[in-house]
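Down below are the structures I want you to see.
Both complexes shown next keep chain A, but they swap its partner, so chain B is in the first and chain C is in the second.
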Partner chain A sequence: MDQQAIFLSFRLAGITTLILLGISIPLGYWLAYGRARWKPLVEAAVALPLVLPPTVLGFYLLVLMGPRTALGRTVSVVLGHPLAFSFAGLLTGSVIFSLPFAVQPMTSGFRSIDREILEAAQLLSAQPARILLRVLLPLVRPFLLTAAVLAFTHTVGEFGVVLMIGGGIPGVTKTLSISIYDQVQDFAYAQANHTALLLLGVSFLALLVIYGRGSRAHV
Partner chain B sequence: MSKAMTLDKMDKRDGPALGATTEYLQAAVEHTLGNLSLRVAFVLSAPWTVLWGPSGAGKTSLLRVLGGLTRPERGRVLLQGRTLLETASGAWVPPAERAIGFVTQRPTLFPHMDVTANVAFGLAGLSRGSIAQRVGQMLALFHAAHLARRSPGDLSGGEMQRVALARALAPEPRMLLLDEPFTGLDADLKLSILEPLTAWLAQRNIPALYVSHDIAEAFQTAPDVIVMDRGQIQAHGPAHVVLASRREQLLRQLGEG
Partner chain C sequence: MFKPRWSILLTLLFLAAAQSSCCAQQSGTLKVAAAADLQPVLPALIDQFAQQTGQKVDASYASSATLATQILNGGPFGLFLSADLSFPQKVVAAGLADSAAPVPYARGTLVLWARNDSPAQPLSLDSLRSPSLRTVAVANAEHAPYGRAAKAALAKLGLTDALQSKLVVAENIAQTAQYADSGNADVGLISLTSALTTRLSADGKYVAIPEDSYPPLLQGAVVIKGPAAAQAHRLLDFLLSPPIRKQLAERGLKAP
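Take a look at the complex of A and B:
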C-alpha cells in the first residue's frame, strides 16, 4: 500500500477538519441567527460544492491560484511558490470543497437550540464568549462531531479537486484516492483493493461513530 | 404621555411617605410586531404590579422590550433613573447589563447543566465561595436545596420554575419580570413559591412586573394593575379600581354560562 499517500491523505484531512471547525462555528452561528438580507447569497455559496462537479471547482481554483490572476501572483510571492501543485493548494481546495459538510451540521445545530435558552443566557451573562463556551457549544456538541467526521471523511475521499489542483505528485499531492486511480491504471488490482478497503473501512467506522452517538443523544 | 399615566399619578397620593414618589421604572414604547401595534407609556411606582390582559394584548412583547430581548422602533426605558434604552439618542444597554431578572412561562433551564450550575450561571465575577453560598441561599429560599445536583430533565414543572426563579434572582437584579411563570401549577404550589418570593423582593426593595391573564390572580396579590389590550394600556391603578368592571363582567358571563 502507498504509505506516503495514506500519510498525506490523513494529514490533509486532519488539518482541513481543524480549519473547517474554526470556520463553521462562527459561520454556522451567523447563518442560524444572523438577520442580514444577503444571507441566502452566503448560504447558496456555501452549498455550491455540494452540487458542482469537483472538476469545475478544481478548474477555477487552478486558474485562480495560477499566474494568470493577481491573487495567484500575490500568493506565490508570499509563499515563495505557486499555490497550485502544493500541499497548501490542496488544503485550500479541500477546505472549500468540504465547507458545506461542516457548515450545514453546525447551522442545524445552532438552529436546534431553543431561542429562549439562548435568551436566558443573554440575560444572565454579558460575555458572548462565555455564552458560546458554556451554553452553545455544549448544546451543539453532537453536531460538532458530525461536522468533524463528515469534513474529515469527505476530504479523505475527494478526487476531482485534488487531481485538478494537485496533479498527483507523489508525497506532495498524491492522495489515497488518486493512488487508487493510478493503481487501477497500472492494473495493480490487488494494491488498489487494499487501498480501497482501507478507505471503505475508515468511512464506515466514521459513520458508525456519528450514528452510534446520534441514537444515544436522542434518548 | 398617555392619559392613563397622568390619571395613575394622581391616584398615587397614598404612596411612600415623605412625599417622595419612588419611580422604579419609566417606560414609553412604540413597536409594531405583525398584527400587534404596541403603544404604551407608564411609570411603575408600586413594588408589585400585575400586567393584566388577554392573550395577544402585547404583555410578553412589552416585557421583552424591558428586558432588552427586543429592540423597539421607538422608546425610552429608565430603571431607577438609569437609562436602559433611548432610541432618540441610540442608547441601549444589553440584557445582561440591565440587572433585570426575567422568568418566562416555559422554564428555560440550561439542559446540560445541573441545578447548581444553572443558578450559578449569572454569578460570574464572584469568588467560588460566594457563588456556592449565594446558590445555596437562593435554592433554600425556594425550597429547592435538595435539587442542587439534579439535572433539569429530572425536575417537575414546579421544581423547574423554582430553580428558574432562583437563577433569575441570584445576581440580585434591580427588577424582576415574570411572564406567567406559574401557569399550570396548582394553587398551593403557586402560593408556596409566591410567599417567599414576595418577601425576598420586599426586603431588598426590588420591584416586580408580573404578567397574568388570570383575573383572580390579579386580585389575590393585591397589587397595582396595568390593564393592557391590543397593544395599549387601558388603565393603571389599584386592582379593585381598574378591574372592578371587568370582574363584574366576568361574573355576569359566568352567570349566563
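Take a look at the complex of A and C:
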C-alpha cells in the first residue's frame, strides 16, 4: 500500500477541512440569517461544485491560474511557484471543490435553531461573538460534525482535479485516488485492492458516524 | 428544499435512458482505442478513411496502459493502436487479439519542447542541466510508452538524479504537452506528433532527443476479436499503406 499517498491524502483532507470549517461557520450563518437581496447569487455559487464536473475546476486552475495569465503570475510571485503541481494548488482546488459539503450542513444547522433562543440571547444583550460561541455553536454541533466529515471524505475522494493539476509528485500531489488509478493502470490489482478497501472502510465508518447520530440531527 | 414533481423527473430520466440506449448501439461505427500521441494525427486520417470507404470510425485517446486495461476488461474496441509493443502484446496474450502478434505501424520520436517565453530558452539539451530550470513535464513511465522513453533518455544523459525533484508526471503524452504548452511546466519531454501541431509550432520550439538514448518507440496495433474485426483489419491496412505512411511521417511518426 502506498503509505506516502495515504499520509498526503489525509493531510490534504485535514487542512482542507479546517479551512472549510473556518469559512462555513460565518458563511453558513450569513446564508441562514442574512437578508441581502443577492443572497441567492452566493447560494448558487457555493453549490456550483456539486453540479460542475471537476474538470471545469481543473481547467481553470491549470490555465486561468497558470503562468500565462496576470492572475496566475501574481499567484506565482506570492507562492514562489505556480499553483499547478504543488500542495498549495491541490489545497486551493480541494477547498473550492468541497465548499458546498461544508457550507450546506452549516446553513441547515443555523436555520434549524429556534429563533426564540437567538432572540432571548440578543435580549440579554450578549455580545454577538459570545452568542456564536456560547449559544449557536453548541446548538449546531451535530451539523458541524457532518460538515467536517463530509468535507474530509469528499477531499479524500477527489480525483479529476488532482489528475489534471497534480503532476503525480510522490508526497506532494500523488494522492490516494491517483495512487489507486496508477496501480490499476499498472495491472497491480492486488495493491489497488488493498488501497481501495482501506478507503472503502474509512469512508463507510465516516458516514456511519454521521448516520449514527441521525436520530439527533436530521440533515 | 423544493420538491420536484416525480412524474416529470421520471419522464426525463426515461427519455435520457432511451436516448442513450439508442446511440450506444450505433452499429457500423468502428471503435478505435488510440494512444495519446495519435491524438494530433489520427483524426485527419480517419476522415480520409471514412471518405474512401464510407466506414465511420470513433477514436478514444488515452495512455496505452489505460486502453489496454479497458480492452482486457471488455472495452468495446475493434482496433488498438498502442504507442509500444508491450501493451498490445498483453491483449494478444489474453487471447483477445485477431492476430498472432502486434503489427508495428509506426515509430515515435521523443523531443524536448519549451514555449518561446519559457525560462529554458534558448532551448537545447543543455537546458535540462540549467539550475534555473524548475519543472520538467514527462509522461508516466509505467503506463505511457513515451514516459518510459523519457525515463531511459534522462538516465542515459545522466540527468536522473539532477532532475528527480523537478519532474512532474502527466497521465499520458498529450497531457505532458498540455503541461508544457500551458506554461505550467518549463519544458516537456513530448512526442514529435504534438510538437509538430500548428498550435505547438506557434507557441514554442523543440529539439530532438538523441535516438540512441532511448529504446525505439515501436508502436504496435492489434485487431480485437469480434464482429468489428473485418472493418478493423481494413483500417489497419489503410494505415499501413504507403500514402498514409508518408502522411504519418510528415506528422511525426516514422515507418517502423
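Simple rule for what comes next: the second predicted complex is superposed on the first by the 214 of 219 C-alpha atoms of A that agree within 3 Å, B and C clash if a C-alpha of one lies under 4 Å from a C-alpha of the other, contacts with A are read in each partner's own complex, and residues count from 1 in each chain.
Definition applied: a residue touches a chain if its C-beta (ideal position, glycine included) is under 8 Å from a C-beta of that chain, and two chains touch if they have at least 3 such contacts.
Since we're looking at a predicted model, the values are computed, not measured.
By the document's definition of touching, of the two partners only chain C reaches A:66; chain B does not. In the superposition on chain A, A:187 makes contact with chain C only, while chain B stays out of contact range.
In the overlay built on the shared chain, the residue A:135 is in contact with chain B alone; chain C does not reach it.
Shared-chain residue A:39: touches no atom of chain B or chain C.
When the two complexes are superposed on chain A, none of the residues of chain A touches both chain B and chain C. Chain B makes touch with chain A in their complex at residues 67-69, 94-97, 100-102, 104, 106, 108-113, 121-122, 124, 167-168, 171. Taken in their complex, chain C has these residues touching chain A: 63, 65-66, 69, 90, 134-135, 137, 140, 142-143, 167-171, 178-179, 182-185.
Residue ranges of chain A in contact with chain C, taken from their complex: 62-63, 66-68, 81-82, 84-85, 163, 165, 167-169, 182, 184-187. Contact residues on chain A toward chain B in their complex (touch as defined above): 114, 116-117, 119-127, 130, 134-135, 138-139.
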